[in-house]
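Chain naming follows the written order as A, B, C and D, and within any one chain the residues start at number 1.
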């Protein structure tokens, strides 16, 4: 179990996204949050089809258009230009959130500021007095989608754990996260707490535990 | 590629078991998924809870399903028909339970089921016998009833055109409850007059997005209930 | 005030419908109930346009089609074949009742079994033990539409008043009726009770009062 | 014949007075009724409550309306923008009130306003700071928040095609809040890229039926906010 004390590189942003994509079943309806989660679309495993939903009213979202052919009225939730795939459909916001709140989206991949041992998610506000609070569709997504995957760096820029016993930032939802993909590990949120599924290459359990703010179980 | 089509009405409804809650599209005969309902009659599935605006016509389709004793409970707004005695006879005999719901409340409860809204307040039916046993709440000085969502195990819906990923369009007033029921059922089974490839329906014209549809069976020339009734036909 | 004791003919069904049509403002969105109310569509006053809504999902309903060109998928709430006018639209039932419940329909004309002095309406069930109760969209219409006009024979076939102090049949809605058009008179429902607006030709106030089960005021 | 068209954006918004509650369509710039908002800036109407998913872009459109001090209160889900400091500056200075609403709840509250549903329960935001002060109710063993309808005096909406009786279609993801806001306002004012005669829009393809629309002004080549922002333009 002993290993070098210095930090190994762990997974890149792309590798985290690719790893998360492996866990999405064929034929899933998927909503991807802004940031690293957007990269998941580039790593659909061979032989699978995912249908992407963007909450501003499009099912069957395709990749970004080639430069010069952007349409300012065809954008995603991050307000970036996108395209449609054959079989796409447009609808208004109430219908779009019917898909989310009504449990019709299979998987949602989101970024996080903090995730707790019981699956609480904080990803919309630091709660700082001068912050402009902005929630968008995050609270609807975590309330309505069964499988909430989080992709996040394991620790904050300050070095503090982002996976914690209890979130200190304002919550997006309680007990909503199913699985966490970080640069160091893949971790399941279970009724009995966090459980390590996989370590990034060269990463030790010891190091991951040290960088995790809550107890981390293993199957072994 | 995703392909939700399935060969026959019989195969399409084979997943429906005894005791299921089944939403059945249509207002009168417009939008009635006759072939799917007949397949359910052939299959003999019993103890069903059926949700439809009416109770069927003549002795075909939903009326025949009721007449055949397969429906334990009916949730609808208007169980009278000048063309069918099958529901009234069973109802008077105490052989079928009825939950009577105002038409707009029925539509909204089904939409709520699909939209993840467990309950809502409505002005409809306040002060009437249909408010009995329901919570009344004053909001801004007006009384409203609390109504709960309606969900189903299955929806049987008829549409005009479907693509293989489940996008649907409807025909005129045959649209009615179809788009709502597609959203509110765990498994939605659709009979389409025409099945096309993804992309053939303009994304702007899709009425039911494919996410709400599970199984599609093509029935190019569906039966017209009014013609069957006029001919005095009965099913089976 | 004295007049012949025998009953004058009063208005016909068509005359009642035509009289009601006179009170519908130009450009109104109108929902017509089954029965005599359907006749209103034949008597649109010169120079006015009404847009007809039928709750099964059509705005811009036109007259019945010529025999032989009926479409079983283009019907009205009474399940009879209809047509569309230019500018029509189709929509699902939840959107249709959004128009009704949300107060977007201007006028609804309904039939009645009983109307009370305070505007309560009973038009869906006799409450008889062997009756098959059937409500359809009536309760939604009276709850959502501001101007509810009732067209009805002044008395029942049994000779009993249909306009009463208090309804004995199960209610469709409380305090919802604005105006009543019968074969004998036009009557307003006001906060201070019923008020006579107009008598059918040859009809006396005395006779109408005798056939009305609640006090009837006049402006004079 | 009914004709809801009106000559200019200025005439179209002339009915909006100080203190009005105004829903403004669009998600980011997609569907933003720029010309109508600019007419409202020209008009100088103040003390407004504005409802939009965001708070505008750069120094044009809704952002400019806010920057110009015409908005007293903002109801939205996402008031941050990488391209605009007008809302944040006023908010930090305590010059504008903010009601932050989750995006799906915002959409549903507006739909409820149009649909005559005064309140509904939703799972969204339970257990978060946005649940503070709201009723929590257990239904079937799960907690839900009570949310109230949102209505407005006016809606400003941009669509693709309108016919003279008010039927609308939209363009791609510029549809977003438009159809909902049209339903929830006493007076709905629409800018359309194209106005056509009744009957030219297929009744099956109408997204917003004419009953929800009051005034239509044709703006064939609307400004693109992103281009204005890229060019560093400000309004007026």
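Quick note on the criterion: contacts are C-beta pairs under 8 Å (C-beta built on N, C-alpha and C of every residue); 3 or more make two chains touch, one makes a residue touch a chain.
None of the values given here were measured: they were computed from a predicted structure.
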Of B-C and A-B, pair with higher C-beta contact tally: B-C
Geometric centre distance via CA averages, chain D-chain C, whole Å: 37
Inter-centroid spacing, chain C versus chain A (mean Cα positions, whole Å): 57
Between chain C and chain B, distance of the C-alpha-averaged centres to the nearest whole Å: 29
Where chain C touches two or more other chains at once, by residue number: 58, 90-91, 94, 97, 100-101, 143-144
Chain B, residues touching no fewer than two other chains: 108, 111, 115-117, 122-123, 170-172, 203-204
Pairwise chain contacts under the document criterion: A-B, A-D, B-C, B-D, C-D
Chain C to chain D touching residues, read off their complex: 27, 29, 49, 51, 53, 58-60, 84-91, 94-95, 97-105, 143-144
Chain D to chain A touching residues, read off their complex: 27-31, 53, 77-80, 87-88, 91-92, 98, 100-108, 110-111, 122-130, 170-180, 207, 224-226
Residues of chain B touching chain A in the complex: 1-2, 111, 113-117, 163-165, 167, 183, 197-199, 201, 203-204, 206, 209-212
Of chain A, residues touching chain D in the complex: 54-58, 71-76, 79, 90-94, 96-97, 100-101, 130, 132-140, 143-144, 170-174
Of chain D, residues touching chain B in the complex: 108, 112, 115-123, 139-140, 142, 144, 148, 169-172, 203-205
